[in-house]
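Please read through the structure below; I'll follow up with questions.
As written, the chains take the letters A, B, C and D, and residue 1 is the first residue of each chain.
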Amino acid sequence: MRREVPLIITAACGFIFIIQFFIPHPPLNRIQDVFNDWVNIIAGFAIVLGILNLLRVNLNKMSKKSKGWPYALFTILGLLAYVVIGLAFSGGRSFQNPGTAFYWVYINLFFPLNSTMFALLAFFVASASYRAFRARNKEATLLLIAATILMLGRVPLGEYLSGWLPSGWRLADLSDWIMDFPQTAGQRAIMMGIALGIISTSLRIILGIERTYLGGD
Amino acid sequence: MKKILVSSFLFLAAGLIQAQVPAPPTDVKAYDTPDDAGNSISIEWVMSADDKEGVVTGYEILRSESPQGEYTRVGDAPRGTNSYIDSGPQNGKDYFYKIRALSAAGPSDSEPSAAVQTKAQWFKRNRVNGLVALLLLSGGILYFIRKARSGKEIYIRKIAGIEAVEEAVGRATEMGRKIVFIPGIQDMDNMQTIAGITILGHVARKAAEYEAKLEVPVSRALVMVACREITKQAFTAAGRPDAYKDDMVYYITDDQFGYTAALDGLFVREKPAAIFMQGAFFAESLILAETGNYIGAIQIAGTAQPSQLPFFVAACDYTLIGEELFAASAYLSKDVKLLGSLKGQDVGKFLMMAAILVGVILTSLGVYDLSRIFTVR
Amino acid sequence: MDANSFFNIGNLIAGILTIGIVSFLYKDNPLYKFCEALFVGISAGYWLVIIIFTVILPKLYDKLVSQEYVYLVGGAFGVLMLLRLVPKISWLSNWALAFVVGSTAGVNLIGYMQSNGMNQVKNTILPLWTGAWGSSIGNLIIVVGTFCGLVYFFFSKEHKGVFGGLAKVGILFLMVTFGAAFGYTVMSRMSLLIGRMDFIFGAWWGLIR
Amino acid sequence: MDFWQKLLAVDRRVIFALVAVAIIIPFFLNFPIKITVSPPVNAVYDYIEKLPTGSLVMISCDYDPPSAPELQPMTETMLKHFFLKDLKVIILGLWPQGSVQANIALEVVMRDPILKAKNLKYGVDYVNLGFTAGNEFVIIRMGTDIHAAFPVDFNGTKIAELPLMQNVRNFNNIAFVFNVSAGYPGTYEWVIFGVDRYRFKLGAGNTAVQAPLVSPYVQSGQLIGLLGGMRGAAEYEEVSHYFGKAMGFMRSQTFSHAVVIFFIIVGNLAYFMTRGKRT
């Protein structure tokens, strides 16, 4: 029961999805929709486990007074407060509309935190370029050259620098050319490799050869 | 037709400068849309002779259950189109269609189509090529899995990132610092996550053997469940089931950057010696990799997210590129069946390369456009 | 500076949190720790609420109300997942996990074979002479690059001799791809920072018109 | 340690500070910048220009506020172009916050005097279908029935009650789809699960990160055209002559790129100057 049933479920679901691609007849035509909804539902229930785990970890920190424990309080408060606001004080299903309390917290707290964290990337891109873009060898030099051309070609700076060249040979054109040809080629090789990797991994899972995700045997 | 002529004559006679109604569409053909689940009829027609700017403004598709019966509008098509797919009809019933050309001066209807029925089919004929490709690719993989089972030695080239796993775990043990494993930010319905956590199995086993400290912060609850199973199993397999604690794997938040903020904090405060990032990564890849680099951790990344590969390549010590991520688990397990499947993947690559080569030659010589048989609808 | 927008409570909170996150770049500090902790809590709450309103209600509750009882199976799998909390029968949750993983494997096998496999082969079958030099050379580069890139990914053959040479060319193409993608991305990342700075100097401090 | 070695080991905070300066200073400068419009951007503009008045178009906002600096200007310009051409617009989002972003853009766009004069009505000239969970499956579902994928709109009104939606069943009724995307689900899914299956016309606006990934689809014809990042938005502003924020932001963009390139040059210089000396 413990081992066989999950393997049977995996194999059956995988197989159904493969054949539904070829068979348009009901009920197979709807199965993708329905299964996908179920996956969402499962993940939806699972988030409860995650939230409980988060609460437990932070309550533990506080009760053990481990390093940085006062911050755990803000995590717990932030979580509980936002859930209560979202579920009880924001007009039910229209909770995301401008004007609700949920929206206010979203715009003034969640959004600045989120987008600023994202914006840190601008700084890290600069530091990574400084450190990693060294012409150490042939490969690294190519990476460096392609990156520099693209960076220049995408802003007006490139036009100031290469505007004297005939049209078609400017940095913007060069960067388009790199994107259209060598970049496309490299990208395709990676994509095709990934396709094979995924086909093979999926097959191993469906056939039960790869089963570590269930805790192995 | 007669009516239209008469009325237009009258208009002219009255000296009114008014556009006449357009010529009606003709030759309306309706047929059951092929290779589908039914409830769909395709309609084609020959456009109105007046289908040009300023005259015909569009078409209406009209349907009825009897040729003379009441026609109701089921859809529109813009000017310049000659087909429509009606997804309203029921299976096994007769239907008739008319096409109405619209204009400022008024509509003009085509003759009705012949009776048509729709039903569900059992096979998508236009996907035969997909079926063949599926059989070839999975056949190749399965063949080599079987062959590997029979004990034939398989050569697999070295992949630097995978070779370095042991080194990274060893270093963390020596330094007495943590190993952090990050399985990406997507859920279990992403193959990269699944590939990532199978790698976790091997890393966890190594960590258990070396008695190193392992921490797995995750951003999806389902992934947490799966990671716990896999880590527990790895510790048991390494003979240290007691050393496993559920708390090694913990959930932070589903949010991409909330998760990133917490990981950054974790990195600078705990200074892990080794960081594994294996799975589906997005914009956070560089934030994590740069912070990891800053604290001097040895970093092994792997993703099939092409847009994030450059950042891992630039900021990490080792990167598993695309397909290598999926190969890693087979490589690390040294399980012959899994290694066999890698050989099978190579057969797939060979087939693709051969198809490209032959296709390019044939197209260049103008003999045959091979790309046609690779079109799956 | 515009006092109204500066002391607007929403702007004030957003501004302080923005500065708190940025301060991490200087070094880890109490304000960042506060922001981080708050961020984790709020964002976890955010997604819980989103999932309740966009998944559990419409995809389970509404479906059952409209008598689509097939969704009971999905609900049952969801409940199995929660059995994790009951150690004795927590293994039942593996059934739900197996369902997710099995469906994912099936969907992806087909999807990737079609889009990343066959479609890319199709797109790479290009004529080497198009009638114009520019596009002919372009096509040649795509064909050679894709071909050599695939050679690099071969696992079961040693990269030696001609084969090794092709793999080397493949690596060069990958490097150009990575470089290009990196360079292209710089712009995106700078845009994000520009957006935040626009908030601080524009919406909050009112210094930009 | 000589000068070059010090330079190699420079505290990364110095780099951070210079990046910040490069972005902030141009906010207060007003120098002219020149933008040339690339073919994929032109293609989108031309296609929309040629659509007959009254055609139905769809815009899918698949991004969230963090990507808004790059993508919001695109949504705004695109909506404005749609309305100026008297097209009927269906808005939706595959990301939870996407349709909220669209509403914010609508608010900005509707302030335009010409559009104000048109007195556009919700439900007749445009609708916002909101968000529904399911990623690419939403696209697949829309291929058969948009009403099934989005039973209610953003406000919770049944979409069957909206005049605009009454004749719309699926992609057959839609002349053009524009997807503004920051990742998954996004343009890739729209191409694979949308265009490949249902053969509609698709254009896309992407973050600069995603753009290289989907640019092969422009080449293969699966995408009509593509706006890449803030630059793409600025190009569209240039070609459509509707100037929003993207053009101004390009100044900061230019400075920041110059700084990054400056660092790369200095880094390499230092690297070569110290090459023999390192142990």
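Rule of thumb we're sticking to: a residue touches a chain if its C-beta (ideal position, glycine included) is under 8 Å from a C-beta of that chain, and two chains touch if they have at least 3 such contacts.
Fair warning: this is a prediction, and the values are worked out from it, not measured in the lab.
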Would you mind naming the chains that touch subunit B and likewise touch subunit D? A, C
Farthest CA centroid from subunit A: chain D
Applying the document's contact definition, name the chain pair with more C-beta pairs in contact, C-D or A-B. A-B
Subunit A and subunit B have mean C-alpha positions lying a whole-number Å distance apart equal to 14
Nearest whole angstrom, what separates the Cα centre of subunit B from the Cα centre of subunit C? 13
State, to the nearest whole Å, the distance from the C-alpha centre of subunit A to the C-alpha centre of subunit D. 18
Pull out every residue in subunit C that's touching 2 or more other chains. 21, 24-25, 33, 35-36, 39-40, 42-44, 46-47, 55, 59, 81, 84, 94, 97, 100-101, 103-105, 108-110, 112-115, 117, 119, 121, 123-124, 143, 146-147, 150, 153, 174, 177-182, 184-187, 190, 192-193, 195-196
Where in subunit A do residues touch two or more of the other chains? 18, 21, 32, 36-37, 39-40, 42-43, 46-51, 54, 68, 93, 111, 113-115, 117-125, 127, 129, 131, 133, 143-144, 147-148, 151, 154-155, 179-180, 183-184, 187-188, 190-194, 196, 198-199, 201-203, 205, 213-215
Multi-chain touching residues of subunit B, meaning two or more other chains, are 130, 134, 137, 188-189, 191, 194, 222, 225-226, 229, 252-255, 257-258, 261, 269, 283, 306-307, 309-311, 313-314, 321-324, 327, 342, 345, 349, 352, 376
When you draw the chains as points and link the ones that touch, which shape shows up: line, ring, star, complete, or other? complete
For the complex, give me every residue of subunit D touching subunit A. 10, 12, 15-16, 18-20, 23, 33-36, 38, 64-69, 96-97, 100, 103, 133-134, 137, 140-141, 154-156, 208, 212-213, 215-216, 219, 228-229, 231, 250, 253-254, 256-261, 263-264, 266-268, 271-272
Touching residues on subunit C, where the partner in the complex is subunit D: 25-26, 50, 54-55, 58-59, 111, 114-115, 119, 123, 180-181, 184-188, 190-198, 201-202, 207-208
Write out the stretch or stretches of subunit B touching subunit C in their complex. 129-130, 133-134, 137, 154-157, 159, 188-191, 194, 222, 225-226, 229, 252-255, 257-259, 261-262, 264-265, 268-269, 306-307, 309-311, 313-314, 321-324, 327, 342-343, 345-346, 349, 352-353, 355-357, 359-360, 363-364, 366, 369-371, 374-376
Interfacial residue positions of subunit A with respect to subunit D in the complex: 32-33, 36-37, 40, 93-94, 96-98, 111, 114-115, 117-119, 122-123, 125-127, 129-131, 133-136, 144, 147-148, 151-152, 154-157, 159-160, 172, 176, 179-180, 183-184, 187-188
In their complex, what parts of subunit B are in touch with subunit A? 35-38, 120-124, 127, 130-131, 134, 137-138, 141-142, 145, 187-189, 191, 194-195, 197-198, 201, 220-222, 224-226, 229-230, 232-234, 237, 247, 250-255, 257-258, 260-261, 269, 283, 286-287, 289-291, 293, 304, 306, 309-311, 313-315, 321-327, 329, 337-338, 341-342, 344-345, 348-349, 352
